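This report refers to the structure that appears directly beneath it.
The chains carry the letters A, B, C and D, assigned in the order they are written, with residues numbered from 1 in each.
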Amino acid sequence: MPSERLEAGRPAPRGEAMSTQHRLDALRGTTPPRPHDARAIAALAANPGCSRRALMDGAGVDKDAAARHLGFPAPFGQSPFAITRGNVFEALVKADGCAELLRMLREALGLPVAEVAYHDVENVGAHLRHAHTRALIDRAATGGQDAGTLYDHPLLTLEIAGHTAYLEPDVVAFQLGGRFHIVEIKSFAVIDGQADPAAVAAAARQAAVYVLALRTLLEELGHDPLQVSHDVVLVCPENFANRPVATLVDVRRQLAVLRRQLTRMTSLDRLLAALPEDVTFDLRPDEDGRPTRPVAELADALRGATARYAPDCLSTCDLCFFCRDEARQEGACDLLGRQVRDELGGVASVAEALGLADGTRDPAVGQEEIARLLRNAERLRRECLT
Amino acid sequence: MSLLTSLARLRALEEGIAQPVATVRHCHLSARPMVFVPLKLSGEAAAPLAAMLGTERERPRLLVVTQPRNRDLRFAWAAELAGVLLPYIEGFLADTETVERRNADPYERAMDAPQLIVPNQGGVAFTRLLGRSTRFRRPDGPYPVPESVPVLGRWLTYFGERAAYPGSALMLAATEELGRHWASGQSGLEDANLAALLAWITTGPSEEAEDPLVWPPAGPATDPGFDAEVLAPAIESGKPERVAEALRTQLEPTWRLMWQAIDLLAGLPEGASAAQRWEQDRGSFSGMATHLAEGAPPQARRDGAVAAAARLARMERAQAAYDVQRAYDDPLVMAEYRLTGEAFAGEVVETDPDNTEGEGRSRKLRPLVVIKTDDPVRLPPGATLGTPQRRAQGAELVSAGEGLVTVKITKGMGRGRTAAPGAVPEVGERVCYTSLTDDFQGSPQLPEAEATPWTHGGPPQDYVPDDEDAQEEWS
Amino acid sequence: MSDRLDDLERRIDELRAGVRKAMRHRDPATARTLRAELRSAERAWDALVSGEQPEVKAEPPRLVTVREQVHQGLRLLGAAAQPRLIVAVSDAFFGGTIRSAQLTSLRRDEERSFRSSPHGRPYYLCAALTDRLSAARGLLTLSTWPLERRVVGPLSPRVDFLTCAIAVAEHGEEHGAGDGRAARLLVRMARNIPGATDGTFGPPVPGQVAAAARAELRVHAERDTRDRAELAERATAQLGDTARLFGAATLMTIKKENAK
Amino acid sequence: MNPPAASAGPEQDLRPEQVISDVLADLPRHRGVVVDSPPGAGKSTLVVRAAAHIAATGEPLMIVAQTNEQVDDLVTRISGKHPHLSVGRLSAGGYVPPPRMLELPGVRFGTRIQDLGDPDIVIATADKWAWIGDRVWPWAIVDEAYQMRSDKLLRIAGSFERALFVGDPGQLDPFSIVDGDRWSGLSWDPLQSAVSVLLRHNPDLPVHRLPVSWRLPASAAPVVSRAFYPFTGFRAGTSDGDRRLELATGGMGTVHDRALEEAARSGWALLELPNRHTVRTDGEAVQAVALLAARLLQRGAVASSEQGERPVTADRIAVGAAHRDQVAAIRAAGLPAEITVDTANRLQGREYDVTIVLHPLSGRRDATAFHLESGRLCVLTSRHRHACVVVARAGIAELLDAHPSAEPVQLGVPVKFPDGWEANQSVLDHLSRHRV
């Protein structure tokens, strides 16, 4: 049973889901599915309006690989220094039976001194990790007094568009007021009580995925899912030292968003319907996984699914450079950002907007006002610049 | 961002070159700015890696931490930095003027002040963090540092805070200032890339600008590729000069860009009110220096209740003043308000310079001016108006319609029975009036910090920089 | 040398130009390859200006072998410990020269040597045993210890940490903290033990640390001893010599074996 | 608004009378008492009652409101209900009291405490109070305390010993033109509301909730309660049928007429325009709003309620929008001057028979935090006694669905509820059942 889970374990698609599932698999083609990790799942909410992204995520297409193959590699490298720093810090927090973590849980959350039991789920073979996690969590939830406190390297799962995503929270802590808490270890600094809001938000979104997965697990096991707290324990280095500090982060909002996105994913068939039957995003990898699909062909296939490019994509989507290039070819106002695009009312193209401003183009029905505004703005600019 | 700026961006995109969104420079530009390009170690909060800085474009100083994990080297670096910055800063303290104040003692104000220019907001934030991580240090005790380090920390903290103060020019971020004066054909997010923004302004968009190999990031973060393929091996090799060389390659391009940015800004005539804001900067700078000289403790980690409220009031006032001054100094900025109907400009078509109101002693001169304008006026009758052409005057909107606006001058006409020559605009003169005026009444007293009320946690225990501040180890 | 530099610099300029050209012609593929060459050229240039390639730093003459130093550290600690702690101890008290990296392969070597000639050595550096009697990840123990000390129940990581803290504190007390290293190690451990420090940042009092550690130890001792006794029993009953020292093979390792 | 404090009971089951007497009973027991009041739940009534109650003890009382309108309104109510009380109305230099107030018995006006004699009650805006030092009042009542920025409270808190804080947590939060990130997470963040700062430093203060809205009709209370007060909730003081809106003259079957009829019938109407991205001042929408208002007057709407029957005259109608330029555009569309046209910020605390709302998200392509702020929609949809007509372009559902959620998270800042997205969704969901 668990072993079957291991190979990209996908339950046999049923009924209505079937066609959708098959379409999605066809969309991905021979390329092996990119398993969703917590970050990927959290990122589903980054730009829900983008059909292209929704379809690629739904089909488990490796957007990064696609972007490379298209010649628009994503701009997200990670520095070896940052990676080392991250690992060193996590090791420090977990060293000596999570001594540091226990200190923080005791100080910040009043964890009783007696609560020190530590289970390293990874002590069992990788293939047993999920099953072992289930067993341990089940025992804890059933309220065995010796249920234990810290579960290191647990392995949770979540069904994403018919695929099982495997999720690895840093630590699950129990016995904080009888509830499970997700512990998220991050190496960005908390300085005088504050951290980079974007970084915290990302951590919160990711932790929300773990909370949801753990709640789902409890539900499957017939326990009260609310035994999992919506407060996650965020552990970061404090100020400029290596010393970790714990902060509680309320992820209820992120949970709500996550639920919305997961329900959306089930409605992919609407998007699929809009695609030609035979279209596929297959990279046609050769035996050593190198993509062989003609680039132009792949690009066309992708253009078949409309993107909704916004500059924010540059920090959230592997495909951003490809879509930005597309937007440039089309001379779309989206290039200038959501706000500008919104300000221009219905006007979508640069040429159109400027035409209206110069008066060289007559406003279409419904464009009268934006035309008036633009002409006025153009008049003022001319007046001030000449 | 207003439609006016959006239009400029669209135009830039179409013409492939940035468009002006200001006709004058809205920040003071020092004759001897200190250009400061810091780099930090990826993955760390504020671990300095290197900095290129100096006041002369031909003679940049390169400071490098050749073994970033070694905290002693980091403090040595901080001391080196202090060795460059402190003399520069203190150099402005000698030459001062005495300023008389109403119901307060006169004080000494520096004739000129230092100006730090960093590439981007990241540079400002890093400066602030650098200040935070050094200002509590002690030259004695368990983790002693050179005496100059805590002093540097307090100055960097000060500059970092001034950078957040509307209209201050003590510390500028190049991308911010350029973006205030030119609209590129890319999004605001992309404007944060100095190379890209400058390309738009000078030669037009360039793919290279985003290629870290051609234009290394302007910091403080380094290019991950560079970290992996060049820096890490260099550090491993344990050869300081090799690390320094590697970092030089990352800093020099940005150094050149910084001076290009300064040249561009210098090319614009300075706005009328910039000098006034710079005067406040000089006053603030002198205040900080005195503070330091009197041996006051380092800036607290965070504002107390009263300090926060006081700062907020100052900043809100500064912001409002800054917005008004920019509009009054620059027709292109004023145009934004004309577009939204909060201002209008046009030609005077009729005047009644001798119009009066009231009788006998209370009889006052209230000249009327009729202006013909193409602007959409969205101001109600009775609205108080000001005008860039006669800043001392105040006016009131009488009526508006059919492109004609009647305005009554209500302030600054003096006592006389007839208007002084030039006080009332002549027929045919182009004038601009706006509801945007900067007559703020001062903000009311705040309680003393030690009188903080119970609603805000009561009196704080007064702040003593404790050992922890001085000893938190630098990982 | 210098003309090589010139060649390189010329080459670098050409490549830069090439990259630009490729980008302009929307030919990212070429650009990518050119970039790679550019990097290597730059690396070469780097190497030249900064002299010849770095030679591998010579290990300081080692009087005591890694194996012996680890043994020394573990004897002092008296409980299962992670490499980083062992290294810290050996560094703090024995002027140790080992680095964590050197300890990774250690257990495998020991196991090999034991298999070739069982009990050929006075002691072996061996594994701690999990509740599945498999080798616990990243923990080292001594073969000379009773099994009870070498198995880890749920509470053992904490208990062992406290035991180690006591050992470090007391050793420091007897032999003097020496230089800062020992003190720093004690601080790090002390701040994670309730009551071990009085909140100030001064160096902790070893006696106080030991006392605090003992106090918490008393809370866990009974259950931990029970768990360990039970585990030890199972180990004795179920494991052969090798497995008892180095851990029973998990399904994973069996798979690996079969794979060979 | 944050999840209820421990002190809060299930007060929507309580009788309002009960709550009020509980509040009055708590006054002497605690340094501060907080009363949350959902729209039209009798906040002013409570303030007047409390004022009289305190004045009766003979101890002087200061009352703090946020705007001159609010102050004048309170003065009028108090002297109307308790003519025997002497009230001093403090004001800044420029202030001219509306004529109607000059006749009020026992009310004196002045710019300095000394000008007021020694009245039982002194009332002024927070800004004015900030200038009054050198005296400490045993009692204070702070009205609209959720719209008051905490730095304002800091300036005046020294002037009173104990205080009653009254306000509506569901309306718009205070804001600033400068970026306040540097203070986020601080318990005294000056940009937080007076109440949140007060409660963060004094978590044990009692928090009461007025359980019944006398303004919102039975058709609106549950909708607003669900969307904007998910944790506390409230109910309508009247039940179905108590409030009626009748249109004297028949309609001509236009969408506008049908919208009005739907509103008259059900208390809600959504006049949906074709889906299109537009500029903020969407001419069609503006026209629709103006037409609705005009038709409402033409058709001689009559509102009957527990307060009896009266025609819906222009002054009983309000038009609300999100942006100032929208308001200007609507005014320019030629409405009778007596009809109030204003932004959400300025409509706070006001009440009308019928409101016509230009939906903040109408015609937008992307929702910003500003558009999604739950307080904005709450104000716009909770000003009416009888009916609320919302004008919006189709496509808001899709816009919400496509909204990217990447709000930054500040450490130590309590999460605000309700989430603007959820609130918008919930209201839209209800409106869709009244689509025309």
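Annotations
Basically, contacts are C-beta pairs under 8 Å (C-beta built on N, C-alpha and C of every residue); 3 or more make two chains touch, one makes a residue touch a chain.
Note that this is a predicted model, so its numbers are computed, not measured.
Put simply, the chain nearest the middle, going by average C-alpha positions, is A.
A comparison of the B-C and A-C interfaces places the larger number of contacting C-beta pairs at A-C. Work out the mean CA point of subunit B and of subunit C, and you get 50 Å between them. Each chain gets a centre from the mean of its Cα atoms; for subunit C and subunit D, those two points are 63 Å apart. Computed centre separation for the pair subunit A/subunit C is 33 angstrom, with centres defined by C-alpha atoms. A separation of 36 Å divides the Cα centre of subunit A from that of subunit B. Under the contact definition stated at the top, the residues of subunit B that touch 2 or more other chains are 225, 302.
Touching of two or more other chains is recorded for residues 193, 312, 339, 343-344, 373 of subunit A.
Counting only residues that touch two or more partner chains, subunit D has none. Arrangement of the chains shown, judged by which pairs touch: an irregular graph that fits none of the line, ring, star or complete shapes.
Chains that are in contact with each other form these pairs: A-B, A-C, A-D, B-C, B-D.
Across the interface of their complex, subunit A is touched by residues 1, 3-4, 6-11, 13-14, 20, 23, 41-47, 68, 129, 132-133, 185-190, 210, 222-225, 227-228, 232, 301-302, 331-332, 335, 338-339, 374-376, 472-475 of subunit B. Residue ranges of subunit B in contact with subunit C, taken from their complex: 142, 207-208, 211, 213-214, 225, 229-230, 233-234, 236-239, 241-242, 245-246, 249, 467-468, 471. Here subunit A touches subunit B in the complex through residues 75, 77-86, 187-189, 191-193, 237-243, 311-312, 314-315, 331, 333, 335-337, 339-340, 343-344, 350-351, 353-354, 357, 373-374, 376-381, 383-385, going by the rule given at the top.
By the touch criterion given at the top, residues 181, 184-185, 276-279, 281-284, 363-366, 368, 401-412, 414-415, 419, 421-422 of subunit D touch subunit A in their complex. Looking at the complex, you find that subunit B touches subunit D at residues 164, 166, 302-306, 308-309, 312-313, 315-316, 319-320, 340-341, 378, 443-447, 451-458.
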